Each structure stands twice: as C-alpha cells, then as structure tokens.
Amino acid sequence: MGELLWLIPALPFAGALLLVLFGNRISRALVSVIGVGSVGISAAVTLVLGIEYLSSRPAFIRQEVWQWFDVAGFSPSIAFHLDALSMVFIFVITFVGFLIHIYSTEYMAEDKDYARFFACMNLFVGSMLMLVMADNLLLLYLGWEGVGLCSYLLIGFWYKEPENGYAARKAFIITRVGDTAMAIGLFMLFQQFGTLHIQSISTEAAQVWSIGNETAMIIALLLLGGAVGKSGQLPLQTWLPDAMAGPTPVSALIHAATMVTAGVYLIARMHVIFALSPVAMTAVAVIGAVTLLIAGFAALTQYDIKRVLAYSTISQVGYMFLALGVGAWSSGVFHFMIHGFFKALLFLCAGAIILALHHEQDMRKMGGLSKKLPVVFYTFLIGAASLAAFPLVSAGFYSKDQILWLQLAGENGNIWLYLAGLLGAFITSIYTFRMVFLTFYGEEKTHVGHKPTWAITVPLIILGVLSFAGGFIELPHNFGHVVLFSDFLAPILPAVTMVPDFNQYEWMLQLLAAVVSLGGIFIAYLYYYKKPELIESIHRSEFAMAIHRFWHSGWGFDQLYDTLFVRPYVYLSKVNKKDFIDSIYTFIANVTQNFHELFSRTQTGVMRNYVAGIVVGAIMILTISLLL
Amino acid sequence: MTLTDFQHLMPLLILTFAVLVSMLVIAVGRNHKIMYVITAVSFLAAFASLFELRDVGRYTIEPLLVVDGFGVFYIGMILLTALLISMLSYAYFEQREERKEEYYILLLLATIGACVLVISTHFASLFLGLEILSVSLYALIAYLRTRERSDEAGIKYLILAAFSSAFLLFGMALVYASTGTMEFAGIATAIANFTELPLLLLTGFGLMIVGIGFKLSVVPFHMWAPDVYEGAPAPVTAFIATVSKGGVLGVLIRFFMEVDGFRYPTLVLIFTIVAIASMLAGNLLALLQRNVKRILAYSSIAHLGYLLVAFLTGNQMGVEAVTFYLVAYFITTVGAFGVVAMLSDKERDAEQLEDYRALLWRRPWTAAVFTVMLLSLAGIPLTAGFVGKFYILAAGVNTQLWLLVVMLALNSVIGLFYYIRIVAVMFQQADAEVEMEPRGRLRPSIYLASVGTLTILTLLLVYIGVYPTGLLQVIEGMLAVATP
Amino acid sequence: MELTFYIAAAVAVLATIMVITRFNMIHALLYLVVSFLAVAVVFLTMGAPFMAALEVIVYAGAIVVLIIFVIMMLSLTREDVEQEKAWLQPKLWMGPALLSFVLLAELVYLLVIAEMPADPAAGSYVDARAVGLALYGPYVLGVQLSGILLMAGIVGAYHLGRQKKKVIHRFLQEKEPKKERSTVL
Amino acid sequence: MSAIPMETGLLLAGVLFMLGLISVMIRRNIIFMLISVEIMLNAAGLAFIVAGSHWAQPDGQIMFIFILTMAAAEVSVGLALILQIHHQLKTLNSDAANFMKG
Amino acid sequence: MILVWLIVILMAGGVLAWISGKINRALPRWIALGSVLAVFGMTLYLWLSNPIPVLDSAWLIQFNQPWIPQWGIDFRLALDGLSLLMLLLTFFLGLLSVLISWREIQTKVAFFHFNLLWVLAGITGVFLTMDLFLFYFFWEVMLIPMYFLIGIWGHENRRYAAFKFFLFTQASGLLMLLAILGLYFIHGRQTGLYTFSYFELLNTTLAPEAARLLMFGFLAAFLVKLPVVPFHSWLPDAHSQAPTAGSVILAGLLLKTGAYGLLRFVLPLFPTATVEFAPWAMLLGVIGIIYGAILAFSQTDLKRLVAYTSVSHMGFVILGVFSFNEWALQGVVMQMITHGLSTGALFIIAGFLYERLHTRDIQKMGGFWTTAPKMGVIALVFVMASLSLPGLGNFIAEFLTLVGSWQANNWLTVFATIGLVMATIYSLRIMQKIFFEANRMEQALPDLNAREMLIAIPMVAMILWLGLYPQPFLDTARPSIQEQLQAYTASPPPPVAMSQLTPQVQLTDTIRLNQILKASRHDPD
C-alpha cells in the first residue's frame, strides 16, 4: 500500500509540464482535459488511498521516491508521508481543487491565456500537495515556496495591469519575509537534530527538550513567522487583500481554501515543538485573536466583494490560529476543512456574480441578484450561513463553536481570547450578511450578462452540500458528541487537556455564540436591507468616516510598511544607483591623473630645467651622504 | 698587449675592423645596401666569435678590461640587439633622403663603446667606453638633420650627457683621490679596509651615481629621455633604450658586485629612493601621454626602476634577475621601436597615438606584434616580460625588499593602464576616414628584413615566456663563471 | 711653489667667474684662455708639467680656437651681446646659482671634513716619461679606445657639420600642407 | 715637493666645477653652455691631476689625457650640431629648442 | 596527459580558428564549436568513467612535467572532483557561448573565437593546475583574451569597462603573486626544497603573522575576482559592457575562479589564519549579499542589474567558504555551478533581448510575454533560480550554504537569509519590467528560434537537474571538499552541536530514518 502515493502530486505536476510545453499548440478542450483531468485523477487516487487508509489505519504511510541529496549526514529525500493530518489536507486540496478546476473551465473560457492558467493551477496543486505530503521540512519548504510562486503567477495573471503585477510581487515578497524566518528555523532545527525529517524531529524534540526550552521557543517562533506570512496573519497579512487581483478561481483555491492555510498545517505538523513552548503557543493564539478582529473590522468596510471575502479569510484563519494557540490542534484543522468548503464556495459564487456582471466587483453596484442567479444565491446563502456560524444548521457553527468553547474549556484557554473570538463572530456575521443583502437584495443595479452553466453550478452545489453537512462529523457533547474527525486525527494530534468539570457550561456558551451570530445577522439586516438610511447617518459622522477609512485601508498597515520599509529601501537603492563605492575608485584614478599632470609639468622641454633637475638630484644624493 | 689579449677582444676587433672597412667603402662609393650588409655581417661575425670565449673563465687584460662569462653574455646581448636594430634600420633609412652610410659606422662605434663598458674593470675604460657610446649617440640622435626635432634632441643629449660626464669624472677623481687606484678590484680592496666609507669616497660615489644615473635615465636624471626618444630616429631610440642602458647597467653591476656596495646603507638608500622614484615618475608620466615614443621613454624609466629593484638585492639571484629582465626588455623594446620604425613614413615617425588607431584592422600582423611587445612590457604571461618581472619579484621577495616589491607591483598596475591604452587604440574599430596606408611607402621587399626581424623577436618573446628554462640555464651558466 | 699655486688658483677662479659673467662671447673666451693657462700653472705646481703643456696646447689652443671659429662663422653681432645681457637677468640666474651654491657648499663641506688618505710618498712629481710609459704600457688599450672615440667624434662632426640643403624652419615657412587647409575650409 | 695639501687642490677643482655648473644653469646661449661644460670637464681633469699627484702615480695624468680627448671630440660634434641649430632656429637660445615636452 | 590535451585542444583550436578566418567566415565558428565539444566530451567521459565516491584519493588524474626546474616550477596538472565539476561547467558554458555568438558576432569573427577559446583554455588551466606559478600564469592568461572580448566586441562603453576589469584583476593578481613568492621562499628556507608545487607547499608551517599576510595576498586576488563588496566595482561595468558570450563567461566562469581559489588554496594553505579572519570574511559576504541586492534593485540596465545580482550571490560563496564545514562548502560548490548556469542564462536572455531591441534599458521594455512566451518561461525559470526557488539548483546551493554558515555564525546567517528576500525583490522586478505590464515598444518581439531554444533548453534542464537530483555533483565534489577541510577537522562544530543530545540521538539521519521506516512497515499490517 502506498505505492500510488507519489502519483498524487506527480499528476498535477505532469499536467503542468505538459501544458507548459504544449499548451500553446493544442486545443482548449485538450487543455481542459489535461488541466482538470490531472487534478481529477489525483483526487481519485486520494480517494482510493483514503479508503485504504481508513480501512487499515496505519500510523502513516511513507514512500520515498528518491534521495534528494546527502551532504555530510544531511540527507533529505523526495519522500511522501501520509497520515491523518495530511490526509485531511490532501483531501481538501484535491477535491476542492478539482471542483475549482471544473469551475475554471467556464470562468476562464474567454481568456486567451487559457493554457497558462491551467498550467499554473496544476503547478499550484502539485506544489500544495508536495507541501502537505512532504516527510521532511526541506521538501515541505519546496512546496511552500512552490505555492508562493504559483500564487505570484496567478495573482499577476492579467499582467498587463501594473497593479496586478504589484499585488503579485507584494504577495510573493511578504510571504518570503515569513519564509526567511522559517528558513532560519530550519537551520536551527537542523543544528539541533541533524535532520529535517519531521517524524524524527517530533520524536526527538519531545525527548530532548522539556517544556519551556528556550531553543524550542525560538524555533517555534521562527516557524510561526513562516506560518504567519503564508497564512496572512498579523503582521504579514497585508498581501492577501491585494491578492484578489487574480482571477476568482485562484482566489478561491489559493487565497481561501488551501495555500493560506499552509501556516495552519505547518503549526499542526510541528505541534510537538509548539507544545514545548508556552510562549510560542500564546503568540499563536494572540496573533490569531488580534488578526481575526482586525480583519473582521476591515471586512466590514470593504465594498469590493472579493476584498470582503479576503478579509474574512484572514479573519477565519485567525480562528484557526486561535485554536492552535490553545492546543486545540484538531479543532484548528477541522475549521480549516470547513472553511475550505464554505470559503471556496463563497469565492466561486462571487466569481459567478462577477462574471455575470461583466467583471464588476463593487457591491454598491450589485443588488437584486437573488432572482437572476438562483443557484448562486442559494449556495451563497449556505456559504454565508456557514461563515457567520448560523446556529445548528451550518458547518461553520460547529467548527467555530468548538474553537470558542475550547478557549474556555481548554487548559491553555483564556477569557480574553474567548471574548475576542466572540466579538469576531459577531462582526463576521455582520459583514457576511452585509454582503448577502447588498448583493442579492435591493434593486438590480447592473445588468446580468453571463448565466452560469453546469461547470459553475455543479461545483457550487457540491460545495454547498459540504458546507452544510461537513459540520456533522464533529458534534459537541450535548449534540450527540460525534467525534469522527478528532478521532481520525487523534493518533497524530493530541487532544486538548480540558479544564475539569467545565462541561456543564457548554450549552451556555453555545447559546451565547448562537445569539451573537443571529444578532450580527439582524444588524446586517437592519442596516443594509431594512433601513439603509442608518448607514447614511453613520457616513455623515466625521469620526465614523475616519474610522471607516482606517478600517477600509486595513488598519493602515500598508501605509505603515510603506514608510517603514518600502520607501527607505527604494530611496536607499535609488540614491546609490551609481554605487558610491565606485566613486572611491574613480577618486583614486583622478588622483593618479592629477599626479600625471603634475609630473608632466616638469617635462618643460627646456634644457636648463633638465640641468637643474640633475643638480637637484646631485644635491639630494650628497645630502643623503652627508646625513647618514 | 699579447696575442691572447687580442683573441679575447675578437668581437671588438671585428667591429673596429668593420668600421674601417666601412669608411673605405664610403670613400670608394656610397651604397646603402653594401653598408647594411657589412654592418650586419660584422655584428654576426662578432657574435660568432663570442662562442670561442664562452668558457673563458675570467681572463683579465690588465688593467682595463676583463673577459668573463658575465661580460661575454652582455656583449652577446648587446651585439645581438645591435644586429636586430641594424636589421630594422635598413627600411627606415632607405626612405629618407639623408646620407645613410655614416649611420652604420656610428652604430658600430656605439656598439663598441657599449661592449667596452661591460667588460671594463677600470675607471679609464669605463669612461672611454661610455664616451665612445655617447659621442656616437650625439651624432646618431641628430642624424636626420632635416628634422628640427632631431637637432633639438641631439643638442639636449649632448649638453646634458657632457654635463653628467663631468659629474662622473669628478666623482671618479674623488674616488681615486681617496683610494689611490682606479681599478675596481683595487678600490674593493681599498675600501675593504674601511669599516665605514670615508666621506670623500662616498662623495665620489655619489657624484658617479649622477653620471651613471643620467645614462640609465633614472629619476631625477631622467628628464632628457622623453625628448631624446622623441627626437631621435626610431632605430636610434631603440638603441638608446637598449644597448646604451644595458651597457651602463652592466658596468654598474660589475662595479657594485666587485666593491660590494650593498654593504653601505647610504648607497642602498640612494638607490632605493631612485628606484621608487623612477618607477613612480616613469609610470605616472606615461599615464596619459599621447606620443608613443614618449610613452616608451617613460616606460623605460619605469623599467629601469624595476631593474634597480633586482639590482638592489645585491646577490647572485638579483644579478640573474637583472640579466634575464634585460634580455626580455631588450627584445621587447627593440620590437616596439621596430614597429614604430616600420610604420614611420618619410616625413615623420609614427609616434602619435592617432597613428595607431585601428591598426589591427589595417595591418593585423604589425598590430599583433606590437600588442605582444606591449603586453611583455606590461609583464603579462606568455611573454618574456612576465617571466622577467616574476624573476625580479622573486629576487625581491627573497631578499625581503618588501617596500620595493610592493611598489613594483603597484607600479605594474599603473603601467598596465597605458600599455593597454595603446592596445585599445589599435583595437578600435576602423573609421572610414582613417587612411588605410601611410603615404609614400617603399616597395614591400625592402621591409622584408624588418618583418623578419619582428617575427623573430615575437617568437623569441613568446618562446622565452613559455619556456624560460633555456635562457635561464645560459644565464646561470655564464654568470656563475663571472662571480667565483 | 705654494704661493704660485695659490696665485694661479686665484687667477683661475677669477678668470672663470669672468667667463661666466661676460655678455660678449669673445671676451668670455679670452677669459677662458686665461683660466686654462692658470690651471696649467696649477698643474705645474702639482708636478705635472706634461699636462700643463697639454692644457695649454689642446684646451687653450685647439678647443677655444675651434669655438672662436664657429662663433665667427655664425657672425655674431652687437644684438647678440645685448640679447645675452637681457638673458642674464638676476631673476633668471638667482635660482640656479642658489642651487649651485648649495651643491658647492655641500661639496666643500664634504671635502673639508673628509679625512684625506695619508700621503704615500713625499715626492709626487710624475714626469712625462712616467706618463708616457704608463700610457703606452698598461693603458695602451685606452689609447686605442681614445682613437675610436675620436673617430666617432670625427664621423659625427662630419655628418652633422656638412652644409645641407636649405631647410627652413617650420615657423618661418609659409606653407603647412594643403590637406590641413582644405579640412579647415 | 708638493706641499700643497690635496684638499686644497680638490677644493680648487670643486670651485671651478661649480662655476662651470652655475654657468650651465644660468646661460641660455648654447655655445656658452658648451663652454661651461668644458670648464667642468677641465675641473674634473684638475681633480684627477691633484689626486694623481697625491698618490704620485701617472694614472691621474693619463685620465686627464683621456678627458682631453673626449672634450675635443665632444666639442667638435657639439659645434657641428650648434651650426645646424643656428641654421634652423636662427638663434642660439637653448630655451627656444623646446618643441618636445610633456 | 588527457588534462594537457584539454588545454592544448582549446589553444590550438583558438589559433586554428583565427587562421581559418582567412579562408571562410563561418569556419571559425565551427572550429570553435568542434574544439569545445571535443573537450566537453572528454570531460564528460572522465566524469562518467570515474565513479568518484569509490576512490580513496581525491585526485583522479595527475600530470607532471618539469617546466622551469631551476625554480622548482613544474607543469603540474591534477584533477579532482572539484576541478572536474568546474571543467564541466566551463565547457558547458563554453559551448553555449559559441552558440550564442553565432549571430551576435559579425565583426572579426575569427579573432573573436580565438579569444573565446583562449579564455576557456586559461580557465581550464586555472582549474587544473597544482603548481602555484602555473596557477598564476593561467590566472593571467585568461585575462587578456577576456580583455579583448570586452574591449572589441563590447557595447558602447566597452573601453572603460575593459580597462577597469583588467586593472582590478591585475592589481589584485600581483598581490597574490607576491604571496605565492613569499610562500615559496618560506617553504624553501624551511625544507631546502624550493618548489611551487601545491602539494609540497601544503606542508609549510607558517608563523601566524606571515600566514596572515600571505593569506591576504591570496585573498586579494580571489576576493576581487569573486567579487566581494568593496572590490566589486569592476564587475557591473565589465558585465554590462561585454558581449553576451563575454558576460556569460565572466559571470559563469571567471567569478568562479575566485571561489575556486578560495577553496583550493586559501583554505588548505592557511588554516589558522583563515579561522581568525573568518568572521570578517563572512561579514564581507553578508555585506555583499545585501549591498548587491539593494543595488540590483535600482538598476535600469538589464545586464547591470544581473551583474549586481552576481555580487549578491557571490556573497554566499564567501559566507560559505569561511564556515569551514562540509555543508557550506558543498553549498559553495553548488552555488558556483548553479550561479554559473542561472546568471549565464540571464545574460543570455539579456543578449537575446539586445539582439532584438538594441537596448538593455528595462524601462523601455515590457509586456514581452504576449509575443514571446517561450522566452518568458525560460526567463521565469532563471529569475526564480536567482531568488533560489526550491526545486532549482540555486536553492540547494544557498540552503546548504546557509545551513553550513548557521553552524558557524548565527547572526550573519540571519542577515544573509534576509538577502533572500531582497533577491526576491529584484528578481521579480526583472520579470515585471520585461515580460509583464504593457508593451512599450512598437515592434513585436519575435520569440526564440530553434538555435536559441537549443541554448535555453539544456540550461533549464540542467538547473532542474541540479535542483532535484544534485547528488552526482555532490558526490563528485565530496572527496575534494573533505580534503580541503582536512586542516579544520579538529576545530569545526560537529554536525550535532548540542551537548544535551544523547549518543543515540546523534545517529546519522539515515540510520534514524531506517528505524522509523522499519517501525512504519511493521506497525500497520
């Protein structure tokens, strides 16, 4: 078993390679077949392996394809590792990826760079799979950077617009900052353990380090740096809203469902090390909490539908971090999965809307679409409910509720984190339904052009079902206590240590969460549907508008980084374009030249001067004789 | 004077004989070609006669001359150089209206002077050799009387050389006054008794250095060099740069080795300062110079500075280094001036940098030869100049003359700049306006000798650069005889 | 003898000073003859009578006369003397003279403080015979070499001194090649 | 016989040498320069005689003869050259002969 | 003898090419191609026929012939894994250089190929020779033809650039010569054996002061060639002014001679002095990485930009060399190879663009992906290589270097790693300005033709190979690297520095893996 493992990432890679080599010469249909097919087969292989895995439940499956290199004992392999954790990720990546690929065949149908798009998408899926299947951190890093590249290429897919290029570069560079921290973390890990093999590190770290070990803390924080960059968490979150410049399927796949959760994967994967460092854990949780709030507020003020979703992604990933931060590993992963479903769904719906409205993304110009695009409307509603954690019937409710619950019930929990999460939930439901009301209700403001066909609707429906039903595999104690998911992950991710005797309060918290969610929906209903004039009145307030602008700009992080880093760097670079060190050499050359001119002046051509020269020489010689 | 004495002076006798024959030939009738052949043959014959003297050991002709390995090697070097210069002269003078015949007589005479210099062991022979060389050179420099620059160069050289000779003589007189002998060996024994040099003697040495320094054109006695190089006909310039300096350097080495002047810090200091100043001034002066002959003049000042570095090591290795470097320098300089002579036309020498623009495209072979010569001067590998410079550096490092060695390295870099500049000019793309051929050229066959000579020189240069072992063996063999 | 030496020396120095300060070349040469004669007397006092004779014959006789001939050939005029006067301005000769005096001072100092080697022999009279024997004994090669030296001088002087075709200095020429002019125009 | 100390003789030679030297430096007329050089050579010869007389050897005198020879050769060539220059420059000003410089 | 043939074939080929130019304009190209192919083939054969890890000694082939016996100078060539790799790189890039010049060079074709082959011959000599005199000899020999390549066929400011290149390298080379001589005499005094043989001189014991001075002499040459930051200023000019082939050789090979010199000579000859100097050298490396990256960002001349990226990348080399451990040195060797390829490729792309547009100003470019996607893809690959994307060779190189340097110095490694971010900044700028955005030029840019693809494809293949399966190269280099490190074996940090680790944990990675594998195999079924 496991012989097929390598096929999962290899197929998309092969697809990408074929498309790069021949993409321009084959028909669009064939491009679609290769592009979608490779991911599809990959998904099928995943399914087969998944079933096998579930039936036999080994600790993990490993397949080494070849030894990458071996330098003085540093010998990472190109080897794949399949366990429950990666299984979840592979599943989301291949299936959601497959759906998005199908969706893209319609969405990108008009684009002339059709083959390039699918090549990049395939490459992305391959890299992402590499990331989650790697059995050592170096291979993980390969996938990690690979998805960064694809993200770059896809954000800047429509490269004619300089802003897109800018957004693409921003994404790559900012994530690279995080990667740098991660790379340093890898150096340290290697120094400590002489290997980057994840299993070995995990086993040894637990033996070698006691809790609170300083090295472990530094390493954990460095890895967190990488995670923060990729996952768009504070303080490296600024690239993600801009990344919406790419085509919408890209946003759905990369910037919502999969790549941005790589950080979550990394932390979950290296949970042993994180668990050894309370400081790092706290950092993870705090970052998650702050990020989810900041992003939530920012989302409230956006008009671009994709930007709202982008900020909501940041915010939701914040929840995952929150979960990881208290050691609720499987809750974090669970929320990742559910989020993957509903966020992909929301993005794809948004894409369908955008396509229908001739690439209009401003929600103020939308409205009344519930009749025109019924499938989109209903699926969007499911997604929105899930995002807003609509009580009981949405998957999001269960996954988010678990996180909130564990903030108090978990041993590492903290009331403030809980409150932040709760506030976040409230804001989430406001902006989610703000979006729903602005888009689908009210009067129609833009004519609907393209009506989605099966290639769009089928993925939407499937994702809708998943967003709805996905939650039922993991239910809280008082709702039947289904623990399929956490059981599945249990061999890999330890369970949270609970505060004793806290279970009796669970229903209260659930109720609170439900109220908050519904309250948010109600406020959205009130302000954006029932009484839009309330918004007008807010807009009249100078103070409110200042805050609005501040939130709209993503809390001014862009401006801050601009003044702190970008401008000084560019200034430094421009001011020294001519390379001042060069002028040192020019100076030396000039001095030499001046000497030349000085000496040349002695060659007057007048004989008497030459005689004088000889006499001076004679005097010099005699003086030396005299003095010595 | 015995018969053996004459046998040992065979090369000089041959040359003197050639002078006489030449004068007779001129008296009968002037013919450039015959004169040329007589000169070349006599140089060859004189050189051939040296083979008899190869294993001479040390044969002294009291009190003036000594024939030993060192002397024989230097004479050989001088004779070969003179031969090469005479080969290059034919085409050069053929296109000029002057009477050409006396040139060869003067060339022979000057060569005799240089040969006497390197085998002299006595102030009298030193002085006479030097003067024979100088007096011949006065006329040679001003040989092309139609050029005002020749005259200017001639009179400058004449006055300054006589002036410096006066210094030399006065210095000799003082040395003589303080030691009572004019033989090198005698002086050596006389000063061996002194723990410290008496002031009178030191003064004498100092004044002699002025005279010698002038001939070597080292700073600060160098100022005549560029003017004379520029004004003199190209082959004569080559002669001044090589034979004249080589001869003087030869006698300087002989004298210093004999009296072991390196024991005295005063003299070493003087020479050190002179060496550094020569390197620096020579290279800096040449830096942006636009006249090729002047560049070569300045570069020769610098090269003399390099040579002094090896000279200052004051040991066998240093002498060998000097000798080796001189061979390389002779070949290179003659080659370079040969190219200048080749390119010169009836009215003036090809001395402006402009004359060399795009030479590679016009006359690739000449340009290549010149490039090789310049690279050798710059001390780039595959040429003899590199091995020479390496040898000097090795000698310097061996004796730990770090200051001098570092200065040499530094100066080599400055030097590179102007050599490469000439090369760069030659390698520039041809403008349409550049004339493809200089005016008034002779038929190609006349250049045969010049072309052949340059080819030989280039091959020699590269051969020594690639495989210096042969030359090294000869030098070691010959000089080992000189210093028992 | 000593007195003779000092008088002669004084004359020589004075005459030489006169030589170098005269504007008229012929006057200068006459002083030069005086100077040479005085030096010849010094030679006599030094015990070198043969050299004294040679000094008079060759230096004062041949060489100076040669120079006078040349000056006459060049037919120097009153203006030349004036010009000579103009050239010999104090500001022109002060610097060089200063340099020379530094050198002189050093030389004198060196000569004075130098310990002279002890006298080897009291009688330092070297007569013509001894000179002749030495000259044609050990120094015979030197004589031959001086012959060669003279030959070089003769050949050189002959070549250079030949009256040549009229060549006008470029500054005085009306000319300059047509080519240049055409480029200018 | 020679009661004159050597330093006195050398001093005289030195003074004469310097006078010649000064003259070479301050004079512009080429003939004067030539004459001055002759003075210097003569002074050098004097120094040889003094030294020779001191050591009671003929060598000093022989050197003087050689110097004499050289001076003669030199003057002859020099004068020939001066004639040339006068023909061309119409002046004997040595400063005028400064076409080559730099 | 085969080693001599390598040099001789190139030199003879050069002369032949020059002469043949009289007969036919195209002939020199074919002769050059033929001779480079021949030596490439021979080297490949050497590589394939010698299973390096099996051998005991680092040295595969030696050749020795007295040259100037008086001075103890031999014509001594020897080949080990390191040289072999360098030769492979040399001839590979040499081959490409001939190919890219096929269209570009139209004047003085014969002389061009003469120079090209002689540069290659000189570089070959540098990589092979084990006699210090001969080393210096070849060191200089490779400069002259390079000077001509830049000075004759370069761009508008070629003379200045050629001068600068020449003076910098010569000046530093002379200091090395002095150091070589110093070593020679010190060794001679000690043992009475005056020789320039590398193997003999390795045994010289040096006083600390002398070792320091001599090391600086060697360093001067190598650091200037590398180049390390305060001495880098010749490089942007030379690189940007040279013809494409010249830039490729400069960046791909000439810089590597500096790195090679550090590895081959500085490390083994002066073990104590280098350890002393190491922190400063590493600091210089880091400064280079960052300084080069910052400057690269602001350049508008494409070739100049790439030149500054070289400065930045070569910072890693010195960083690695002075870390004194196998990871870093393997990283350095990899960096030499991969940088040669990737930067060479970028210069080649710049050349392609210049041929089409007659400008190197990236301000005037843009949007070429539309018309030239093939070129775009290839450029993308090498731009990514330049920012060391995993999967491409440069990543292995830089990661290994950093892993190694981390063991030696933490903070400097951190700053060096930050250089990776800066590499991203400038690299993406290249893509953005040239291939993305709107097309500012009127004319359409033709895509790569067959010949150009023939050049580009092997480079892409190579860089991928190096990125995904570098083991053959690492194996080839390993024995020689271990040899260079011999002097340091006592001092270096062991692979596992932590003292807390129990011996069991210090097992090598492979053993540990096996255990885990065994566990996994038995566990489930």
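Residue numbering begins at 1 within each chain, and the chains themselves are lettered A, B, C, D and E in the order written.
Rule of thumb we're sticking to: a residue touches a chain if its C-beta (ideal position, glycine included) is under 8 Å from a C-beta of that chain, and two chains touch if they have at least 3 such contacts.
Here the structure is a predicted model, which is why all the values come from computation and not from measurement.
List every chain that touches both subunit B and subunit E.
Chains in contact with subunit B as well as subunit E: A.
Which chains contact both subunit A and subunit B?
C, D, E
From subunit D, which chain is the farthest off, judged by mean CA positions?
Farthest from subunit D by mean C-alpha position: A.
Return the chain pair with more inter-chain C-beta contacts, choosing between A-E and B-D.
Top pair by contacting C-beta pairs is A-E.
Which chain is the middle one, judged by CA centres?
If one averages C-alpha positions chain by chain, the most central is E.
Report, in whole Å, the distance between the mean C-alpha point of subunit C and the mean C-alpha point of subunit E.
Here subunit C and subunit E have centroids separated by 69 Å.
Which integer distance in Å separates the CA centroid of subunit B from that of subunit C?
29
Between subunit A and subunit D, what is the separation of their C-alpha centroids in Å?
Taking the average C-alpha coordinate of subunit A and of subunit D, the gap between them is 96 Å.
Measure off the straight-line distance from the CA centroid of subunit A to the CA centroid of subunit C, and report it in whole Å.
99
What are the residues of subunit C that contact at least two other chains?
96, 99-100, 103, 107, 110-111, 114, 116-117, 120, 139, 142, 146, 149, 152-153, 156-158, 160, 164, 167, 169
Identify all positions of subunit A at which a residue touches two or more other chains, and write them in rising order.
Within subunit A, residues 600, 603, 605, 607-608, 611-612, 615-616, 618, 622, 625 contact more than one other chain.
Check each residue of subunit D and list the ones that touch at least two other chains.
6, 10, 14, 17, 20-21, 24-26, 28, 33-34, 50, 52, 54-55, 57, 59-60, 62, 66, 70, 73-74, 77, 81-82, 84, 88-89, 94, 97-102
Tell me, which pairs of chains are in touch?
Taking the chains two at a time, the touching pairs are A-B, A-C, A-D, A-E, B-C, B-D, B-E, C-D.
Touching subunit E in the complex: which residues of subunit B?
361, 375, 380-382, 386, 390, 393-394, 397-398, 405-406, 409-410, 412-413, 416-417, 420-421, 424, 427, 429, 467-469, 472-473, 476
For subunit A, which residues count as touching subunit B in their complex?
It comes out as residues 592-593, 595-597, 599-600, 602-603, 605, 607, 609-611, 613-614, 616-618, 620-622, 624-625, 628.
Along subunit D, where are the residues that touch subunit B in the complex?
Residues in contact with subunit B: 6, 10, 13-14, 17, 20, 24, 30, 33-34, 37, 40-41, 43-45, 47-48, 50-52, 54-55, 57, 59-60, 62-63, 66-67, 70, 73-74, 77-78, 81-82, 84-85, 88-89, 94, 97-102.
Going by the contact rule at the top, pick out the subunit C residues touching subunit A in the complex.
Where subunit C meets subunit A, its residues are 95-96, 99-100, 102-103, 106-107, 109-110.
What residues on subunit A touch subunit C, complex-wise?
608, 611-612, 615-616, 618-619, 622-623, 625-626
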